[in-house]
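Every chain is named by a letter (A, B, C and D) in the order it is written, and numbering of its residues begins at 1.
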Amino acid sequence: MKNYFRLGLLIFLTPVLLWLVLLIVIPHIELLLMSLKGTDDYGNPAWTFSHYATFFNEKIYWYTFVRTAVYALATTFLTFLVTFPVAFYITKIVSKKFTGFLTILLLMPFWVSELVRVYGWMILLRESGVINHILISLGIINTPIEMLYNDVTMMMGLVYTSMLFMAVPLISSLEGMDDSLIEAAHDLGASPPTIFFKIIIPYASHGITSGAIVVFMLALGNYLTPTLMGGKNSLWFTEQIYNEFIASFNWNQGAAFGFLLLLLSSFIIWAGLKLTRQELGRALS
Amino acid sequence: MIRTLPQSGLYKIAFRFYVVLFYIFLFAPLIITCLLAFNDSSFPALPWKGFSLDWFLANGPDRVGLFHDRSNLSSIVVSAQTAFWVSLFSVVVGTMGAFLFEQEDFPGKQGLYFLALTPLVIPGVILGISILLTANSLGIYFEDNFGLDVPFLRPSFWLVVLGQFSFITTFVLLVVSARLKKFDRSLEEAALNLGASRFEVIRYITLPFLRPALIGSGAVAFLMSFENFNTTLFLVGSETTLPINLYLQVRDGSTPIINAVSFLLIVSTSTIALINLLLSNRKS
Amino acid sequence: MKRMLAAATIAFIGFAATSAQSAETLKILTWKGYAPQELVDKFEKETGMKVELTYTNNEEMIAKLRATRGAGFDLAQPSQDRISSVQAEFKIYQPMDYSKINGDQIIGSMLDAVKKNTKVGDDSYGVPFCYGTSGLIVNKKLAPEANDYTALLDKTYEGRISYRLKRPTLIGLAFAMGDDPFAKYGDPTAYKALMDSVAGKMIEAKPYVKNYWSNGDALLEMVRSGEVTVAMGWDNGGWKLHGENPDIDFVAPKSGALGWIDTFAIPAKAKNIEGAYEWINFMLKPENAAVFTNAEKYATASKGAGEFLDKEVAGNITRSFTEADIDNIKWYPPVGADIEQLEGKILDTVKAAN
Amino acid sequence: MKNPVLEIEHLRKIFGNFVAVDSLSFDVEEGSFFSILGPSGCGKTTLLRMIAGFLSPSDGVLRIRGKEMNSVPPNRRPVNLVFQNLALFPMMNVRDNIAFGLKRQKLDKKTITFKVDSILERVHLQGYGSKQVAQLSGGQKQRIAIARSLVLEPSLLLLDEPLGALDLKLREQMKIELKKLQSEVGTTFMYITHDQSEALVMSDTVAVMNKGRFEQIDTPRELYSNPATSFVAGFVGETNILPVKVISNNPLKVATLFGLELAGVTAGETTKAKELDLYIRPESIMLDPDAGLQDINKFSLHIQNILFDGSNTKVLATIDKSDTEITVALPQSSQFAHIKKGSVVSAGVHADHCRCYARG
């Protein structure tokens, strides 16, 4: 009887362990080890913190690091601001007939690769792009304006790319909310802002957190959007890592950067969960 | 405030206006990308120079349409193969994980579950490089010590599959677990009680119950893999996947052939989405 | 039944997918444009091999081969100055067997130079394929005065400047400042001081830059559409645009165009080595090399290609280069890994600066 | 006892510190309708799951038809279980649900079809084979769940409060149907419930379970009229409980807290305690008793409230002038039609119906 069920456990446990140990745990240990490997003064292999020291000594690296973190947080917040009204509209305002249709419509663009979406924006925004063409032919402007390659555009691109991952948890948590809660609050004399801040936001907090985590991760780890839409100032930390690996052939330095990025993302998510008093397991499921 | 409560006219109009703007924002880049695939011009830009199918059909020498562009066509095939294997593996292992965490009990379960969720909060780039580094170290180790050259321990098709599998499995795990949570364990006991073996219980009771989740998560896994860029970037060998190939082209400068590829992607994925919608509507 | 059919279909797709690669293929890691479709078709018809191209640049080529430890590709095309130090450290190429190369079709002096520059130990690793220079691509109507790298820092062309945030820009600007960076390769400290001052200038002039281009066609499109009037780029790009719009042309900078030679090198674990040699010899055949040069405007290392060239292509050099300009070309010497790391950091600083 | 189907010896189940089933030993007779009655948490479901094989006992032996079952997995045991929530497979239609177990036995198609059809007929659901489970009513689901188990011809059919989810009317009806079905098919039923009326109505034998132990195993009649312990007396049927003091033994005479003296009998374990609990069933209290009756305790009742419920009507009344309230059954004959709130009625109860148990 006992063995009978232990066998089942073994069958389920083995592939899961293989997956997690071989593809998650060991690679990250290797990443850490790689970041600590270097050469001593005589050119022999040695353990060293020099790659981390480089990070802290060179202003430009931690500048990019902080910049990336701040922009990713800002992206998360902006994404929430942009998508919340839509999620609210879809679940609570528009007639129920259209809810499904609007939701599908909302999801559709995200079935298409991020690259195609960014490319679409590039066609629209570039100096010889569609928007400039239209503005000129309407006579609104005389000379084309470069709308691509700056931070604002890059942020917009990041928001655009990650909207879905905010919208879906928001919609599902608002959908689960009974309209009568709002009706009751209204009946008890609450003003719309009170209803919003005391009833709706707390109710949706679970969805907001899980959306925020995913969006933040996607923004922080994004490579395409900052590289293609960002301008001459917009060095993103992932690009920095890529450069270390590809352009400078310095895998050890790149590994150190990678590990720092991992620490950063873990820390911010941990702090976010602590602040909102949630758990990772619950927030993600 | 909501549909059952009285709303002021301005509130309604402002809200509707915002939502319309939002959807325009959402679709503008896609629509323009599709339209310009048919522009009879060598650049993906206005002005409109007339309708043309060149970017699909032309066969050189000035313009090479998508259907004659070997590099794009073969990268589509590579992406589809990658996505096929990734979704297959991740659905199998993710489902096993769901069973493990929902139905079994063992010491350290909480910790392992936490570990299984972490791929979601590891940036894809990091996942890619850490797997690359490990594969590289292992590869060198095997080579130096045994003179073995293990093909999948270097950037290659199978390393891409492994890299994508490593985090897509977590998505499958979550989707299947959510469905499995709703599963009434007494159905299993009933089947056991009626004489089914544990394997038969899974085969006839649990898996049929999970089927919508398996199909759904499989489809999502396929798309996630098909679209993945960040993790793949570091692991790709000589078989380039579509997103990487497109990236190289967009970075190198763009011809409307990218619009043509995008058009195909957009049309085929929305068709699948629509079919899916219709099917699920008919069922309910 | 239905289910079995579905399962069979899936299995078939999966297996068809993985086994379709069996025909003899030649996998080439190269630059965009280095293998025109016309020549690929011709080669495939002659040999029955299937050619697979992966487009890349110097840095990614090295990184990729390093990660695969020289496997996955049968042929690579790095620049000659980027071979020896990489080979010494990572051993990603195999020695070139020059007896299999038809040396008669290659310009002798160039072959010797490449052999010398790609030598590690007793072996050499490269065969020259084409050469060219980096300099300025200028819209002469809009920027008639631009004739040296310093134009890239000039406020006159505010918002109309583009260059690559890569080492050629640093080196070109260093020459324009009257220094000789190549002479300082051996002295990293002095080299760093020089490059720091170059970076300082670049950061100062950063507001005038429209963007940093990352690959050829994107730049050409911006120059073509008038979004950019002064850019640092390859000579062939300028000549291509000259064919479309006579106002645009390649300009050899006063302080010297930067000369590069791209080569063929065979990765350490190439599978189809015979195919790789066949491709090298095929591409350097005068009539084939001419097809390449006519299409892409790069100068070829093939000796007899001249007679097959279009007149207008042949005229490019004389239009852009005076005798003095040609003598003034600064050819890249082999570069060490330490220098590249140092440059990488400086380029990051420029990119991140406000 | 003729052939016991199920024999249990010293069966124990311990969860951590909690003893769920405490050294039970009993047999279940072939072909009988055996019920286990007890409050929730008494261990009856644990016992059932051990018999079905979903839990393994901490100690003791479990035999079915003489074969030890301790190491037999649930899918090999000749017992079938009707689940509390029925556990019909929603992904299959009625026929596939019933055929599920038969298919596991690798029977040929013809036999399966035949068996499924005949069991459907037996539960009066001919022609329902192709229906989806969701299309059935509560009672129909019930019957399908039982049919699904019965079709396997188990040695023992376990039923885990299967009527719990039904509404009152249907439950009454199903009780009778189940009883009939059992006597028709002759399979041994082991029925678990916390509802005494289900147990009493259907069973041949009822075991009353409390805190992991059986308090009494007996026929329903004996259980009701001769409860062996105060727990059984209190749990089975309705009863009035009065704390009393012993005045004299042999014959027993006791006094209530408000001073009424009553003649009674001791029941359950003998005790020397001076303070006992007196149990009187509502229907043993006679209103206006005949003066000629012997061994009658007499008192007066002050009617406080009438709880009309047809044949089951009761009154709430205080005894004599005290505050102690008791329930008295009120037969619906015209004889007592005059009784109203506030009336005072004389009443009596036979000494044999005043059962005194040690205070528990």
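Following the convention adopted for this analysis, a contact is a pair of C-beta atoms (placed from the backbone, for glycine too) under 8 Å apart; a residue touches a chain by one contact, two chains touch by 3 or more.
A quick note: this is a predicted structure, and the numbers were derived from the prediction, not measured.
Engineer: State which chain is most central when centres are taken as means of Cα atoms.
Structural biologist: So the chain nearest the centre of the shown protein is B.
Engineer: Based on mean C-alpha positions, I'd like to know which chain lies farthest from chain B.
Structural biologist: The chain lying farthest from chain B is D.
Engineer: What's the distance between the Cα centroids of chain B and chain C, rounded to whole Å?
Structural biologist: Whole-Å distance between the two chain centres: 34.
Engineer: Where the CA atoms of chain B average out and where those of chain D average out, how many Å apart are those spots?
Structural biologist: Those two chain centres are 58 Å apart.
Engineer: How big is the gap, in whole Å, between where the Cα atoms of chain A centre and where those of chain B centre?
Structural biologist: One centre to the other, that is 16 Å.
Engineer: Please set out, as single numbers or ranges, the residues of chain C touching at least two other chains.
Structural biologist: Expected reply: 221, 225.
Engineer: Which residues of chain B are in contact with two or more other chains?
Structural biologist: As it turns out, chain B has residues touching two or more other chains at 43, 45, 198, 234, 251, 254.
Engineer: Quick check on chain D: which residues sit in contact with 2+ other chains?
Structural biologist: Only 53, 73 qualify.
Engineer: What residues on chain B touch chain C, complex-wise?
Structural biologist: 43, 45, 60-61, 64, 71, 74, 77, 80-81, 84-85, 88, 132, 136, 139-140, 143, 149, 151, 154-157, 234, 237-238, 240, 248, 251-255
Engineer: Inside the complex, what are the residues of chain B that reach chain D?
Structural biologist: 184, 186-187, 189-198, 200, 204-205, 208-209
Engineer: Residues of chain C touching chain B in their complex?
Structural biologist: Those residues of chain C that touch chain B are 10, 13-14, 17-18, 20, 27, 29, 32, 37-38, 52-56, 64, 67-69, 71-73, 214-221, 225, 269.
Engineer: Given the complex with chain A, which residues does chain C contribute to the contact?
Structural biologist: 59-60, 62-63, 66, 86, 159, 206, 209-212, 221-222, 225-227, 337, 340-341, 344-345, 347-349, 351-354
Engineer: Residue numbers of chain D touching chain B in their complex, please.
Structural biologist: 52-54, 73-76, 79-81, 83-85, 87, 89-91, 100-101, 104-105, 148-149, 152
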